[in-house]
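Each structure below is given as structure tokens.
In the two assemblies presented below, chain A is common to both, partnered first by chain B and then by chain C.
Our next item is the complex of A and B:
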């Protein structure tokens, strides 16, 4: 009876196969071939690509750099976003204006924004260094020195994605019931204790959500690096996705970049799952 | 513990109209009070003014003669239990109970002693190390109450519809606990509720409010016997008080077709007779004969809807064998008859 019901699942399944399953399986197969610009095709080279990957220091450095960049920017975004949300949460003059204002960076196209920042950071033509010189700090080699260019990438990331944290945390704050705050007031808690005992615990779940979304997004960082520094100077701002892009799209080593991508995917899934569990345990205590 | 005085108190929100009309009241130390009225009648506004969460636009609040109108909530030494149980979710029961004392910098040994004592009294002792959000709603309400009781300087406990979200059988238990606490600790307690049953069983003095106005304040018996307005008569008592239109005949007011009659009071405006279904009897008083139109079973008693001379009223009758359609010979004692002009009690 109703055997034709499976027919109606077909469109969905086809789309699933076409956009997820096939590319994934194809990538796995490609990663065991030596497909490159000279010898395109699906030959079989066994684990050769994975062996080469294991010894590819540039890949692991990029991954380490990515970890630092992600953790650093997301933590700063969370802190800043939370602070901004707390600022415009209660009665503040023109808080609607502020709320919209804080969201503008997020609405800008990443590439456009990176170009904008590249101009700002430009060491001889940009406006930032003259300002810094004016206030006595002195010019900074924003994009030509490895530490500073790493900081520059972080600044742009934080500037662009703090609004996202702000938005989620503000929504969380606005959805909180009023009674716990009244009770804290009656119990005689000051603002800091109220924040630690009432506000922060109640925002635990939404914090975990916001941080995880940002961690996933941030680990895919590409446009900012591409436009701002192209991974340079040297490889000092090169992240995993950018390195994979170089190997695959610039050097056209399809087989090797497939192996890089797969390894990267597995590492990300495992790490983020563990991070998610740890975050839930640390911040969402009452739902455990 | 304190006497609470509300001196010429009134509150208007931004738009200028009164949410709480001017009133003057004194609540004695250790008493139980209930603010009773429908949603939006101003009872929560009144409570928030007392607790200091809201600053009144007019008048003063005095605790034991001391003006606290400009004092912050934390400095007023009141405890409040809200409709939704409020607990600090990330803390244990013990930490929850200790919180007000920790905020006030009380020494740890003293905190431990107080928390243990209060938890013992409220029956929370065996949950002390459990996380507070694991407990049931009524236990959480007890924690809210406990946070008030741990402080020895509490002037009054304000209860903002604390029983609304509690299961019916636990409601009874919790109300009993509240009464006992009131007696043992001698705390002034103010209960806000829209449930007349809750108000009448809990409080010595019930303050009936409507449209931001205190309509009547008195003991449950007074409210039952002499409702100040038709609204109070309808709101308190189940079934509600009977109100029947009266007509003037010479110098007396009568209900046409019945024996109800009383002297004509001075003044002008439509007159209404009011009497309780419970006061209708069969032995003495003014004649109130009629035919049973409907009957509701209420255990040992029955409530009858009775038609007489074009009027309908209700009477609470002992478990008679009467049935719908029967003609009954009823009487109303003269002392039970009230007269209202423009819905306000005149006699």
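Our next item is the complex of A and C:
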């Protein structure tokens, strides 16, 4: 219709393509080479790297661990964020103060917070174990035992990103019209019934959006693991990004890490597309 | 029943508030400690439990045993603000085009192009960091502010496009059509009619760009060395086997402070209902 439409789209599109195209093409090419610390440079080894990663149990374990971590934290963040949004939605004393407070963690730098959390989880000098001892739970080997390190990583992720869910869901709640709630009241529906058949369905679309964004962002988890546990003890908190980092930046196996990256990327895009479709079908009623 | 409900409600609110505040309070009290105050075990109350000192805070401005945060702070500020501004300008224009006009490049239609923008966020930083490293080295931009800004634009523009496409889709097309009938071309329509109506969306997009720009660590970590240090990298460099907890805590608080202000801005928008349209 208008030729000017390209004036709007192209600057952004071209800049992004220019920045992203080389890294992407380069990664594809490198993944077919054996570029490492002894033989830097582009040779051609065919699908050797891909064959190797197929056998690499550590890679698939990291992916499985990442899946558990991502799904677990995102679901907890969603539940907690929804609960918090409902708590400060209507008549609450000082609700604006609590709203600000609940938003603050998502504004903080994850890596900086992780460094602080590391001092908090410190087993002899940190403040957390004395508190747990005080309430009778006893000291916990936070960063030296596999299950507890996994939980420590989850706590930090939940602290950091529950506010994101809270923000989107509260914004959704505040934009809801009043009539359906009046109708529910007239029909004599209690608070639980009102939530299940009025509030929750009306927030379906926002829920899908919020969960998807968090799944995408949470699957990239890197800083928390890097600072808090370095993937340890052993490989018990190693996620995909961190394993790729170990192979690429620490062992300098550029070729192999490129193959790992690309495989990971394809798996992620396929999985997320399917998850998106399923979520829309499950949670969005009228638009499906 | 009602009292029970209220008691439960407020204890839940207070419990979560305590969880949120906990790390900040700990950092605040630790920032006034010395080596003795830290190795004595976890303490909270100055004067009573430990002798407070301002060594940690002094170290931020060139004192011993910490890092000078002034230069990294300025670097972070420049990179975040410049990259956010570029991303929002280009991203908003592209989002408007994707929302209002139909495109077709080969097999790609509007939704595919939008997905191309947003899909950049799926890529973990580690995938891009090695090629970015080589690319910036070729361009001679390694360890420099312009190099980082370039990378951050790729990081932030998808966010701006994602927020703004949704937002423009929420503005009725009738608004554009009225302007066209009055003889405005798309550029004038966009400037005079759409942009003034898009302020809430721009605030949200800007907020997310600032959050993700200021808080990024990995690219700053892999693409800079000594010349150009950003704040998160400077702080993490303190994290070693003998971490000076006091300097670390003070630096952490300084780096977090600017964005905490954003929480107040967001809340204002939220409570006035201005954000509702932007996230739908």
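Just so we're on the same page, the second predicted complex is superposed on the first by the 272 of 288 C-alpha atoms of A that agree within 3 Å, B and C clash if a C-alpha of one lies under 4 Å from a C-alpha of the other, contacts with A are read in each partner's own complex, and residues count from 1 in each chain.
Rule of thumb we're sticking to: contacts are C-beta pairs under 8 Å (C-beta built on N, C-alpha and C of every residue); 3 or more make two chains touch, one makes a residue touch a chain.
Quick caveat: nothing in here was measured; it's all calculated off a predicted structure.
Chemist: Quick one: classify A:147 as touching chain B (first), chain C (second), both or neither.
Modeler: It touches nothing on chain B or chain C.
Chemist: Which partner does A:5 reach: the first (chain B), the second (chain C), both, or neither?
Modeler: Second partner only.
Chemist: First (chain B), second (chain C), both or neither: which does A:108 touch?
Modeler: second
Chemist: One more residue to check, A:198. First (chain B), second (chain C), both or neither?
Modeler: A:198 contacts chain B only, not chain C.
Chemist: Under the stated touch criterion, which partner chain does A:175 make contact with: chain B (first), chain C (second), both, or neither?
Modeler: Once the two structures are laid over each other on A, A:175 reaches chain C alone.
Chemist: Can you tell me whether chain B or chain C touches more residues on chain A?
Modeler: Higher number of touched chain A residues: C.
Chemist: For A:186, decide between first (touching chain B), second (touching chain C), both and neither.
Modeler: first
Chemist: Enumerate the contact residues on chain B facing chain A in the complex.
Modeler: Its residues touching chain A are 51, 53, 72-74, 78-80, 82-84, 86, 88-91, 99-100, 103-104, 131, 133, 144, 147-148.
Chemist: Over in the complex, which chain C residues touch chain A? Could you list them?
Modeler: 9-10, 12-13, 16-17, 19-23, 26-27, 30, 38-39, 41-42, 44, 90-91, 93-94, 96-98, 100-101, 103, 113, 117, 119-132, 134-135, 150-151, 153-154, 157-158, 161, 185-187, 190, 211, 214-215, 217-218, 222, 231-232, 235-236, 238-239, 243, 245, 248-249, 252, 255-256, 259-260, 262-264, 266-267, 270-271, 273, 275-280
Chemist: Touching chain B in the complex: which residues of chain A?
Modeler: Residues 177, 179-180, 182-183, 185-190, 193, 197-198, 201-202, 204, 285-286.
Chemist: What residues of chain A sit close enough to touch chain C in their complex?
Modeler: That would be residues 1-2, 4-9, 11-13, 15-16, 19-20, 22-24, 26-27, 30, 80, 83-84, 87-88, 92-93, 96, 98-113, 115-120, 124-127, 129-130, 159, 167-168, 170-172, 174-175, 205-206, 209, 216-217, 219-220, 222-223, 227, 240-241, 244-245, 248-249, 254, 257-258, 261-262, 264-265, 268-269, 272 of chain A.
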